[in-house]
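Please go over the structures that come below.
What follows is a pair of complexes built around chain A, which joins chain B in one and chain C in the other.
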Partner chain A sequence: MRGELHYDAVVIGAGTAGLVAGVRLAEGGARVCVLSKGVGSTHLAPGTIDVLGYGPGRVSSPGAALEEFAAAHPEHPYALLGADAVAEAVRWFGECVAAGPLAGYRYVGGLEHNVLLPTAVGALRPSALVPETMAAGDASSALGHVCLVGTRALRDFHASLCASNLARAGVTARSVEVEIETDRADQNALGLSRQFDDPAWRAAFAARLALKLQADERVGLPAMLGIRDPHGVWSDLEHRLGRPVFEIPTLPPSVPGMRVYEILRSALRRAGGRLVLGAEVVSAERSGSRVVSVATRSAGHDARYAAPWFVLAAGGFGSGAIELDSRWATHERVFGLPLQGVPAVDQPRFVGDYLAEQPMARVGVAVDSQLRATGAENVLVAGAALPGAVPWREGSGEGIALASGSHAAQMVLAGAGAPAGAAA
Partner chain B sequence: MSAEAAGVGGVLEELMRGSLDHCVKCTICETQCPVSNVSPLFPGPKYAGPQSERYRVAGEPSVDHSVDYCSGCGICSMSCPQGVKIAEINSQARNKLKQQKGFPLRDRIITRPTWLGRAGGGPVAPLANLTIDFKPFRIIGEKVLKVHRDAPAPEFARRRFSRWFKDHPSPATGRRIVYFHGCGTEYYEPWEGEKVVAILEHNGFEVVVPKQDCCGLPLQSSGLFDDARKVVLRLARALVPYVRDDPNTIIVGNATSCTLMLKREAREILSLEDDPDLKLVSERTYDICELLLEMNDRGELKTDFKPVNEHIFYHAPCQQQGHWIGKPALELFALIPGLEVTEGNARCCGIAGTYGLKVEKYDIAMAVGADLFGQVRESGAAEVACDSETCRWQISHATGSKAVHPIDYLHRAYGL
Partner chain C sequence: MATLSTEVLVIGGGATGAGVAWDAALRGFDVVLVDRADLAEGTSGRFHGLLHSGGRYAVKDPRAAEECIAENRALKTISPDSIEDIGGFFVTTPFDDPAYADVFAKGCRDTGVDCEEVDPAQALREEPLLNPAISRAFRVPDANIDVWKTVWAMARGIQQRGGRVLPYHEVVAVHRSGDQVTGARVRGAATGEEIDIEARVTVNASGAWAGAVADMAGIEGVRVLPGRGIMIAMNHRLVNTCVNRCQMPTDGDIIVPIRTVCVIGTTDVNTDDPDDHTVLQTEVDAMLDDGEKLVPGFRQARALRVWTGVRPLFEDSKAADTDSRDVTRAHALLDHAERDGVQGFVTITGGKLTTFRLMAEETMNAVSKHLGDERPCTTKTEPLPGSEEGATYRLGERLGRKEADLAGEQLICECEMVPRRKLEQAIERRATTNLDDIRRLLRLAMGPCQGGFCIYRATGILHGLDGLTAEQADESLLHFLRERWKGVWPILYGDQLRQARLDEWIFHGVLDVEHLPAAHAQAEAPAETVAR
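This part shows the complex of A and B:
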C-alpha cells in the first residue's frame, strides 16, 4: 500500500480557476497541491479577462452592470460571489501578471469599461481587462484606419476576412499579406511567436511590413508577438513601425493564453505550491459528508493526496469533468457530486438553434451560497464547474474563474465554516 | 509474445488505441511537443498520433513515416486534458513502422547498455574511454554505425557499482529495501549509487542489491519490442522474489526513466499487463525522490541537513514527469538550508535516451534542448540537477555545466 501526501488544500484542475485558487492559497501560506489530468483551458482561451460582455445586451461597463445582472440571475456565480469579490479578483490578477516572469508584460483596463476587441474573423468582442499587446485594437471609441496583417505561413488567420468583417462593423480596415519564410505547412501561432522573440528576425519582419503600411494606420496582427518576451516584442514593433500595434487572438493554440498559464504556474511555484500534471483523479475517499483524500493515476500505482479542503476546478462539459452519457444521464466525474440545472427527464436536452442558449448550458455542480458542493462540505467549487452561468454567451468566463478561484482560496484560508476537527 | 497478444495486454492496447476518439483537436499536445516545435520532420503528436492512427490498418504498409521522429518523451500524453494515450499510440506505430522498414544495426547495439558496459567498463575503462574521446574513431562510428560523432558519450567507470556493493555490508536493520540501480549507475556513475545507498542507510534501511540487468527501455524506444519484452521480463523475474513474500518491501531506483519503464511503460507500451511478476514489481517500484518525499510527509525522513550554500538549476526530465507525481525533487531541495534552486521551464533536453545519439536525429535533439541550455547558461547556477543520466550527459555536453542527480544535494546536506 502506497503512502499518501498531506496538504492544507488540494486543488483539482489547472485552468484559470484552479491555478488562481492554488496561487492564492499558497500566497496565503497554505500548503497546496494542484492536481490536473492535463494542461488546462488557458491554452485554448484568448487570454483576455472577460467579466460581463452581454447581459444579454452588450455591456459597456461591467462594474456598473454586475449588481443588476446578479439580481436578475440569482443562481449565477456572480450573484453568490458579489460584485466586490469580482473586482478584487480582477485587480489581483493584474498585479499577478505585472509581478510575473514576463518582463514588462501587463494587462490594462478594468471593470469600469469594456473594450471591444476584434476577433480573428473580425467580429467585435467586449472584454474588461486585456493584455497591453491587444489594447490598441479597442474599437469602443473611434479606431481610425486599421491595417490587418496576415501571412500565408499562418493558416489560422485570414487578414482579408477579418478586415472585411471589421469594415461591416464600421471600422475603416484593409488587409495586407507579409511573406514569412517557414519550413512547414502547418505552422501555428506558437511557432511564429518564437520567431518574433528573436530580435533580428523581428527587425527584418518589421522592415518588410513597414513598406506596405500607409501613414496613419494602426496595425493588427494575429496574437503571435512573442512567448518569452511579449512586452519586448510588442513595444519593439510599435517603435520600429512608429504606430500603435495590436494582437488579435487566434484559433488554438493561443499564445496569450499560454502566457497566462506561465504567469500563474510561475506564481504558484514562487509561493511554494505544487503542480502535478498527468494526475487524473480516479477515486475519492469519503468520511460521511467530507472528502478525506483523492487518488490519482500515477505510474505503476495510484497516488493519494489527503487534505481538509478540496477545490474542484476541473471544468464542465468542455473539459469532460461533467459528462452527459449515452443514456442521457449527467455525471460529475471527479467526486460524483450532485448537479444543478439538468433539464427534467421529459424536457428537451438540446434546441435546434445551435447558438441559442442550450438547455444544458447552465448545468454545474450544485453548491450552497458559499460555493460549497452539496453533499461534500469541504469541497469548494470554482470556474466552469459552477452552475447557473453561460460564459460563452455572457462573456463572463474569466471573471467567474478569477472570482470563484479567489473565493475558494479565501474560504480555506479563513477556515470559514470549517467543521470541528478540520485543520486549516 | 506478439504485439497482438490476447488477454489483458491486448485489450489494453485496444483501449489505448481507442482513446484517440477522445481527441478534440485542441492542439495542447502540439504546444508541448519538444520535437515538433523545432523540427518540421515531425508534424506533431496530434497529427502522427490520433489523426494518423485512423489510417493505420493491421497488415498494411504504414501511412506515416514521420512517427520515427517522435522521441517518445511522453509529454503529449501527460499534457492531454482528454486522456488520449498519444505517446503510447505513437510508440506502437513506430514499432510497426520499423518492423516494415527493418532495424539498423546501430539500433541493435546502442540499445544494449549491458553489452556496452561489459565491453567498456571496469579494468578496460581507460582504454575504452580513449576510443570514445578519439575523434577519428567517432567519425568511423558515425559512418559505419550512424552514431553521431559529437553525441554525448559518458565515460566508463573503472569500477562497477555492483562490485563496490559486494564489499559494502549494509547494516542489518530489518527494514529491507531493494535497490534497482540501472545500467547508468552500474557502468558509468557508480558514485550516484553509492550516494543512494548512503542516504537509504542513513534513514534506517537495509539495502539489498539483487543481480540485475537492463530494463529494456532503449530497445523499446527504438521500436525493438520483442527484445525489449525479453529484457524487461528478465529484470522483473530478478526483482520479484524480493517483494513477492513481503508486502512491506519496496524497490527504489535513481534512474528515473528505468523506474518508469518498470512502473508503467513496459506494461502499457509493450502490452505486458498480463505478466504477474512485472505487475507486482511495477506496483512496488519507487523513484528515489518520490520515496523520500513520501517519507518526509510521514515524518520518517531524517532532516538533519547542514546548509549547502549553492545555487543550482533543476531540470525535471520528461521521463520523470511521466511518473505523474509532479517534481518531488523540488520539495526535497526546499528542505536543505542555503540551497538556492532555479527551476527551469524548458520541456526537454532532446536526448530522449538514445534518440539524440542517432546521426539523423542529433541536430534535432540539440535544437530541442537549446531552450534548456540557454536557461542553464542564463541562470548562472553552479551545477545542474536532473533525475535522468542520459539527460545529464546531454546537458553537460551542450552547456559544459556539471550535472548530477538531485540526491547528490541531500547526500551533501546529510554530510555523508
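This part shows the complex of A and C:
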C-alpha cells in the first residue's frame, strides 16, 4: 500500500448525492476526494429532479406539500432536512447546470409546480425541475397535439404504446416510426445520442421526420438527443422542425442522467475536488466513535484515505452498499454502521403483493437529526443510504440526494478544521 | 353454444396430456386437447428440468429406473431439440451414507441404467465448484429438458395432423349418458364462451387435478394426493452436469443446469390443494443449506426465482379391485370400464416427466381398444416437429447465432438471448396477450434481470403487433410484474435484491407503471390465448 492520502473530507459514492457533496465541499474550499466503486445512479435515473411526486396522491406543488409530507413521515430525510434546505439545494443545482460544461443546457421549473412528463410507457410522471429538452412534454397544462417518434432501431422506446396511453390520459397523441440505420442491431439511446451529436446526420434525420409530421404537432422523442451537445442538438431540431421538441426518458443507460453526471463531475474538477472511480472502499480504520481513514482496493494499487470527515453516499440495497445476506441479516458494508427500518426477525421482509409497500423498502443507515451516522460521529449520510424514504415510489430521489448531499457539505464546512491532528 | 366432435378428447395439457394427444394424432385419430390454463403451466412446467437417467430410482424403485432409462433414450431420439445432453453425476458427499454408493452401483447394474464410477478427482475437474470432499462419483446419462419446448412441439405436431389444441379452456362438466362418458363442456377463459365437445373416448390426464375431473364424471375414489415441492433457479450454471447426491432420494439433493441457470430441487410436502403454491421461508433456507452441501458457497450465488410444483401421487381407494402392480407403480392408468363399468373414460395420473411418453403410449393402447381400432404406437421413433435433424440443444446456440450477425437481429431479452423476430413470431402464433405465456414459450425474462429490461420492450412490441388497446397492453405488463413478484420476493437477498431494486427504479422511477390508468384495474382477467 502507498502512503496515506489526507483530505479535509472523503466522500464515498459518485451518485448524485456524493457528487453534490463533493462539489459543494470543494466550492467551499475543502480539499475533497470522492471515492467510488463505479459510476452511480445517475446513469439509471431519468435525469429529472424529482422532489416529491406522490405523497401518496399526485403532488402538484412539491414546495407547498413538503412540510405536510415531512410532518406525516417524521423519519423521512425531508423531515430531518427541512423544506428550505431542499429548495436551496434545488436552486443550487439549476445554477450548477447553467455554469456547466454542456453549453446552453439548462434545467427549468422549480418547487412551485410539478410538471407532468410522459414516461416511455405513456404514464404521466410528476417532476420539479427538468432538462429544457424535456419541458415541452409537460402535460400539466394543455399540450395540444403530440406526435411521438419511435424507431425500430431503438428497442427501448415504443412510441405507439406511449401514444396510446397518453391518449387515455387525455392528450391528443399519435405515433410515427422513422428509419434509423445502425451498424448493430442492439443500439441503445447512448449509441444513438452520439449520432444526434453529428450535425449532418441530425439534419438528414430531421428531414426524414419532417415529412411525417402534421401542422401544429409537437414532437416527443426518446431521450437520445445528444450526449456531447444536448442543447445544440435539441435547439437545432426545434429549429429544423419548426415546433417544440421534447425528450422522453427511457430504459438505462440514461442519456440525460449521464449528462447530470458529466455536469457534476466537471463542477467537482473545476472546484479542485478529486474523483477516484474503481476505488471500492474495503475497510475503515476507526478510533472510538470516529472513522480515521478508509482503504480502497483498485486495479492499480491499494490506497488509504484519511480525513476528519466522511460522507457516506454509497447508496442502499440498489448499489450493494447495504446488503441483505442469504441468512436474512442486513449489513452496511462500508463502515459496518447500524441500520434503521429493518423489519424485526419475526416480521415479513417482503410481501407477495407487488404494488404494496415492501417492509424492507425504508431501510437505511441509522442517523441522528443532523444526518450523522449513529455510532460514527464524523460520518454524514446522504442519498439513497438514508432511511425512511421509498424514493422510487415517492418520486423524491433527486430531492433527497441534492438536499442531503448539500447538507453534508455544509456540516463539514461549518465544522471543518475542528478535529485536531487529522489534517495533513 | 359451439360444439365440437372428436374421437379422443384429452383433458390436461401437461406433458402427459399433450403426449396422449400427440400419440393419438400419430395413430391417425381425431383429437382435441384442452387445458384450463396454458400448456405445461401446471406440474409439467414446474419441475427442475431433469431428464432422469433412472439413477435416482435405481435402489428405491427399480421398475421406475428401468422405465426412466428406456424413456431417457427414447426422448433423446425423438425430442433432441428440447434436450441438452449434459450427463450427470451421483456423488457421495460427507453428508451421505458411504455404504449407499455400492448399493447404488448394483441398483444401476440391475436396472440397466448406464453408470460408470469415476475417480472423484476427475469428477472435480469436470465440476470444479462441487464439494471437494466427495468420496465417490458415478457418471450417468442424465440430461436437461425444456418441457415447454417439448410440449409445444407436440402441440404443433397435433395441429399439423388436424388435431385441435385449446389452452385456457377449462372443463366445467363431464358429460355422461348412462354408463358412457360422452365428452365434456369447456369454458374459454378469454371470452367465457362454452363449447360442448363430444368424444368417443375422454382421457383424464389432469395430473394432480385428476380426482376432481373424475368426480365430474361421477366416478368415485380417484384420489390424487398432491405433493408440493419447491425449486430455486440460480443465476449461473454452478455445475455443468446434473449433480445428484448419492443417497436415498431426499430433499434438495439435485442441481440441474438448464439453459443459463441451474435449478436446485426439491422438497415434498403433502397438501390438500394442488393449486397451493405457498413457499415457506424454512423451505428456502433448507434448500440453500442443501445447496451448500453440494456446492460450497451456494448461498453467495444469486437466487433468481422460486416456484412450487405439485406431484400427483396416486392412491386408489379401489386398489383391491385393480391389479395390485398398478398401485405401487409410479404412474397409474385407470380404465374406468374395467374399474367402474363406465365406458369411454380413461384416467392417467402419477408418473414423472421423464416417462410421459410411455404413459401416453399405455393410455392410447387402452383408448384404441375402446375405439375398437388398435393401431400401433409410433411415438418412440417419430421425431417431434423441430427435432427432425436429430441434434440435441447446445448451450451457446443462441449466442453463436447472435455473434455471427451483430447487425442482423435485435435481442429483446439479453439474458436469454431472445431475438425480436422470435418474439414477434411467438406473439403471432399464439395470439396471446399474456407475457407469461410468451415467457414459457421463449424463456423470455427467465434470466438474472427477471424481465427488468425486456418486459417493457415486449409490451411495446405486443401492443404494436396485436393491435391491442393500451388498457390491454398495460394489463399484460402489470399482470407479468405481479406474477413475477410471486416467484421473486421469497428469495430476495444478496445481489438479486440489488437487481430487484434496479427493476423497481425502472418500472416505478423511470416508467411509473403504478400510475398507468390500468393500474387501478386489479382484475386478473386471463388474457386471450388460443393456439392457432
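In this section, the second predicted complex is superposed on the first by the 410 of 424 C-alpha atoms of A that agree within 3 Å, B and C clash if a C-alpha of one lies under 4 Å from a C-alpha of the other, contacts with A are read in each partner's own complex, and residues count from 1 in each chain.
Definition applied: a residue touches a chain if its C-beta (ideal position, glycine included) is under 8 Å from a C-beta of that chain, and two chains touch if they have at least 3 such contacts.
Fair warning: this is a prediction, and the values are worked out from it, not measured in the lab.
Applying the stated clash criterion after superposition on chain A shows that chain B and chain C can sit side by side.
Once chain A of one complex is fitted onto chain A of the other, the partner contacts of A:H158 are limited to chain C, with no touch recorded for chain B.
Using the contact criterion defined above for the overlaid structures, shared-chain residue A:P252 touches chain B and also reaches chain C. Using the contact criterion defined above for the overlaid structures, shared-chain residue A:G320 touches chain B and also reaches chain C. Contacts of A:T296 after superposition on the shared chain: chain B is touched, whereas chain C is not. In the superposed model, A:V121 lies in contact with chain C only, and not with chain B. Of the two partner chains, chain B is the only one that A:G191 touches; chain C does not reach it. Once the two complexes are overlaid on the shared chain, A:L277 sits against chain B while remaining clear of chain C. Of the two partner chains placed by the overlay, neither chain B nor chain C lies in contact with A:H331.
Once the two structures are overlaid, the count of chain A residues touched is higher for C than for its counterpart among chain B and chain C. Of the two partner chains, chain B is the only one touched by A:L5; chain C is not. Following the chain A superposition, chain B and chain C show a smallest Cα-Cα distance of 5 angstrom.
The interface of chain A with chain B overlaps its interface with chain C at residues 41, 44, 183-184, 186, 252, 319-320.
If you check the complex, the residues on chain C that touch chain A are 285, 288, 299-300, 303, 406-412, 414, 420, 453, 456-457, 459-461, 463-464, 469-471, 473-474, 477, 481-482, 484-486, 489-490, 492-495, 497-498, 501-502, 504-506, 508-517, 519. Touching chain A in their complex are the following residues of chain B: 22, 26-28, 30-32, 37, 40, 43-44, 47, 77-83, 247, 260, 262-264, 282-283, 285, 293-295, 297-298, 321-327, 330-331, 334, 343, 345.
Those residues of chain A whose C-beta lies close enough to touch chain B in the complex are 1-6, 33, 36-41, 43-44, 183-184, 186, 188, 190-191, 194, 252-253, 258, 262, 265-266, 269, 272, 274-280, 296-301, 303, 319-320. Looking at the complex, you find that chain A touches chain C at residues 41, 44-46, 54, 58, 119-125, 152, 155-158, 160-161, 164-165, 167-169, 182-186, 249-252, 254, 316-320, 323-328, 349-355, 358, 360, 391-393, 395, 397.
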